[in-house]
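What follows is a group of structures, each given as structure tokens.
Shared chain: subunit A. Partners: subunit B in the first complex, subunit C in the second.
The block that comes next holds the complex of A and B.
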């Protein structure tokens, strides 16, 4: 082993700078976060005043009411956004797969939400939802559907769904692009064979198109899920987690704990838990990808 | 099984006519090969019969029904595709069952038919496998099976053997032929390989540029090609075509070459060339009808050897003659070398004469 390393010393020398950078900017912060999660860190004081408290931070988190509230929000946020974005993206991809006049223009327009800045989009939507000046409220009142503009984001029961709508609006084009690319790889001959075999349009979709898109679907859903689990910009800018934690998800909550209330130890413990969950998702992502290659290798 | 009639079939894409007034009748139980070079309209014609492409004008009759506006599934056809087109996520069993499921047959009947088809095609042991776990030949057999379970009026096959390697292709060729004989199935088979068409089909429809050139039995097409295209397309190596001109010498009609020599004609062949619309005549001869001489004999024509291709039991010699390349087959014991001077003798009975202008075969009345 050692002799092997020595024999390849030049190769190791070449990658050493990259390894060093990765150790400093990735490995060390991860280690430091894990370490901090076992310490009590008094706010406003220097971090060197920390005291070791074992798993106390973790117990604090798991027994707090806010934790369960935020976790529940995160689950609704992640699964709601991912599922609806995927279905909507897939449906648009199918609609855009056939040839019609204006297809290119429509496709370009539909991609816009995905390419504009999330911060800008968040502020725009904040105005759209605004209870006094928002266009949705104005339209609802104008049509006589509401007596006064509804208060979308200052209301505990409507804030999370309202944010999910914005998130879906922003990321469904991603699913659409992925599925459009997948659709182009469905062999035409298979569809024609199914036609001759007597399958109608829905059966052709179910028996040929959909199975063919299984892998790209899995990858798309996993990428969306990870991105949603990690979401920050939209909820933070639009509501900052409020009102009364109704729109707090894990990342915004961790951010607030760390940089708002300077509870570094608790925030670190949260981060470690989040890290473990994302690693699990990452494992399935890699497995889905390599499963793909295995199949192609055998075909 | 049923007969198929194509009547004045036309398919245009914009101003491009892919299929041009094609009319032909496939009798019940007949194996017909649509053959021609790439882009000749043969696959389009097949897709028109299948209903995968809509016709521009004309009629398609399957059995006793005009099927012009029917969906593929209602035409009572089954199709075998070039790339097999098996459903990759389904097992062989489910692939075979699929067309029956789509027709909502009862489960036990599907099971019976699938197992029967598997038995006929000798692949009972493969039923649980996925297509990707099968060899090319096995996949093609599953594709045949999927067509077979349906018991359709007509089998349509779109170059089913072109993805197989040479050895397997020969083997599957006999399997399909056997399949046809056992089932007495009506088959329309598209291929660009004239050898496949000649060896398998009862009748072949030679197509070029969207037009049906000739529709007859392989033997007839081989012996009496109607024009220069069919003559050069059917047969391997291709028929040699030598451009010549009619002239008179010593009171008789002869064909003269720009190279200076002339070829006398039998009375029957003289009768043929008088039908020509021009002085230009193209002489066609298959390799086996030309004799090669090492020295001049009466009626022979001088030529120069270009290449020699020994194949074992026969040697093909290509020679330059009047600006064309002529294929001659000789027994392997005759040694000729490139650039050697040789003399060729044409068989008056078996030579073909074509009008140099219309490219049509000239016939004696």
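The block that comes next holds the complex of A and C.
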């Protein structure tokens, strides 16, 4: 092996700086987070005064009421955002796949939410939703459809769905672009042949188009899921996890534990759990990509 | 014509009580440059403009003006809720510092109130902190207790401990050692729209006397006019929330600990006391029962209430000294008919003392900021240029600049600032300043504990949110918060 490395020393020398950088900015933080997750870090002490407590932080997390509430929120947030973004993006991609006047303009307009900064979008939506003088409330009251503006983000029942709507608005263009790219790969002659054979529009979609899009769909869903699991900006800016923790998801809760409450050990344990979940999703993502490559190789 | 609303008894400075004693009667009060026992608007006016100070000359005695060095400095700077006037003074200060100390390479960074603590804590973990930092009053004890700060007292930068408010000195003292110098101190007052009061059938020139009155007035305004009565704020991780709820808590006789007493021990948690629950109940009554406050209170902060107030959609709120200037800025930015509406609101602005509790107890948060010097091992590069840091602190805490930097938004931390000509000018130009300075003796510092930031920024807002959203009853929310504080103090 060493001989092999020596034989390719020039190649290794080329990638060495990149590996070194990755070790510093990726591997070390991961190692340190895992290490920290086994320590108690009282907020009144410096981090260097931490004490080893084994798996206590993990036990604390798994037995805490907040953990299950935040986990439930995270699941609703992730699956809600991912599923609806994908369906909406897919539907839009199908609609835009057909030729019509103004298709390019419409496509460009639909991409706007995705290219807007998440921070700016969060502030804009915060004002749209504002419980006292938001645009939606003003319109509804103005049209006589409501006595007072609806309470979107200051209510424990409506806050999470309201944030999911914002997230979907931002994310569906990504799904749309991915699926539009996928639709380009569906062979036109197959669709025409199916039509000649008497297949209706639904049958053509289900038996011809959709099978061709299976892999790109899996990749899109996995990418959306990973992004949503890790999505910090929208919930943090719009509600800070409130009211009453109703919109706290894992990532915002970890941030508050670490930087607001200085429970570095517990926050690290949370991060390790999140890391494992994301690694699992990453594994499926890589498998989906490999599947694509194998399929293309066979073709 | 707008009038300043003050009770005559308060004007005479006779009803100060235990709260003032906590602020003034400390051993540090040797020979202050001003007589705090005479504190009243008249007294403040009588001392304004009576003394000249040579800032550069005074600071040259601390750090020679030709000193060559480098300083990294973070500070809690102006944010969206501050008036433009304050922005200009910050700009002027740094320009003047660079002219006064041309050989000190200054690398300053402004951070907002809500971001500073998070960023500073993170930098400390990586030993990448600045050499000096100006923190909110709440933060000093946390970092001093953890050993990040160097001992630093006013005498180290050319001043005397007696030059500063005793309450402010408490906030920079940990375990008997002083770790910082106060730059500014303020207390808030109460602001209301006389026109809204009149239209709601209330006396336009009379502030609600008690917090129970605030609840009643808020309901009356909402029921009669359909707008929000009182500007409640309950966002988490926002300094505005404790600054507005704690006065209410203390007025009802409650507290997190015994911080509202003359000699607090911080031993017993009192958040679950009947008095604390009564204060929380008042907020609940306004938000849930009467629906007479902004619904957005749970996600908003004071900067969101200001436009509501200037738009004539909010009757009253606890107000920062700078709010009058903020209203003027907002009015200047308005267009069309909005401009006239805003002017009407400004003409109808009234300032008064923060209401009392049922037993006549009046309280307000004694706020402000302090400057600290870091220990070298936590600073990027491992070195602290102490003379450069002291030059900066001497200038900022000087009578001249501690006044100018607080011109529209606060009060000078250095009591000599009240004697400067700029104070005199300020009294003529900043409307309602008398009221906010009158509240100073009622100021109660946050508990001088390292756990205070978590208590004030997270536990108190959580308690409010739990009660106001119905996630818990008032009793449960108060008990839950008390338990969290006990756990925190127990090291959990």
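The rule is simple: the second predicted complex is superposed on the first by the 297 of 299 C-alpha atoms of A that agree within 3 Å, B and C clash if a C-alpha of one lies under 4 Å from a C-alpha of the other, contacts with A are read in each partner's own complex, and residues count from 1 in each chain.
The criterion applied here is as follows: a residue touches a chain if its C-beta (ideal position, glycine included) is under 8 Å from a C-beta of that chain, and two chains touch if they have at least 3 such contacts.
Note that the coordinates shown come from a computational prediction; the quantities given were computed from them, not determined experimentally.
Annotation: superposed three-chain arrangement on subunit A; subunit B versus subunit C shows no clash, the two fitting side by side. By the touch criterion defined above, A:43 lies against subunit C but remains apart from subunit B after alignment on the C-alpha atoms of chain A. In the superposition on chain A, contact is made by A:199 with subunit B only, not with subunit C. In the superposition on chain A, A:156 makes contact with subunit C only, while subunit B stays out of contact range. Judged by the touch definition given at the top, the superposed model places A:238 against subunit C, while subunit B stays out of reach. The vertex angle at subunit A, taken between the C-alpha centres of subunit B and subunit C once both structures are aligned on chain A, is 150 degrees to the nearest 10. Which of subunit B and subunit C touches more residues of subunit A: that partner is C.
In the superposed model, A:113 makes contact with neither subunit B nor subunit C. Taking the two complexes aligned on chain A, the least Cα distance separating subunit B from subunit C is 51 Å.
Counting contacts as defined above, no subunit A residue meets subunit B in one complex and subunit C in the other. For subunit C in complex with subunit A, the residues that touch the partner chain are 118, 121-122, 125, 145-148, 228, 234-238, 294-299, 308, 313, 450-451, 454, 457-458, 461-462, 465-466, 468-472, 488, 491.
Within the complex, the subunit A residues that touch subunit B are 187, 189-190, 192-199, 203, 207-208, 211-212, 214, 295, 298-299. Considering their complex, residues 50, 52, 71-73, 77-79, 81-83, 85, 87-90, 98-99, 102-103, 132-133, 146, 150 of subunit B touch subunit A. Those residues of subunit A whose C-beta lies close enough to touch subunit C in the complex are 42-47, 126, 130-133, 149, 151, 153-156, 238-246, 256, 259-262, 264.
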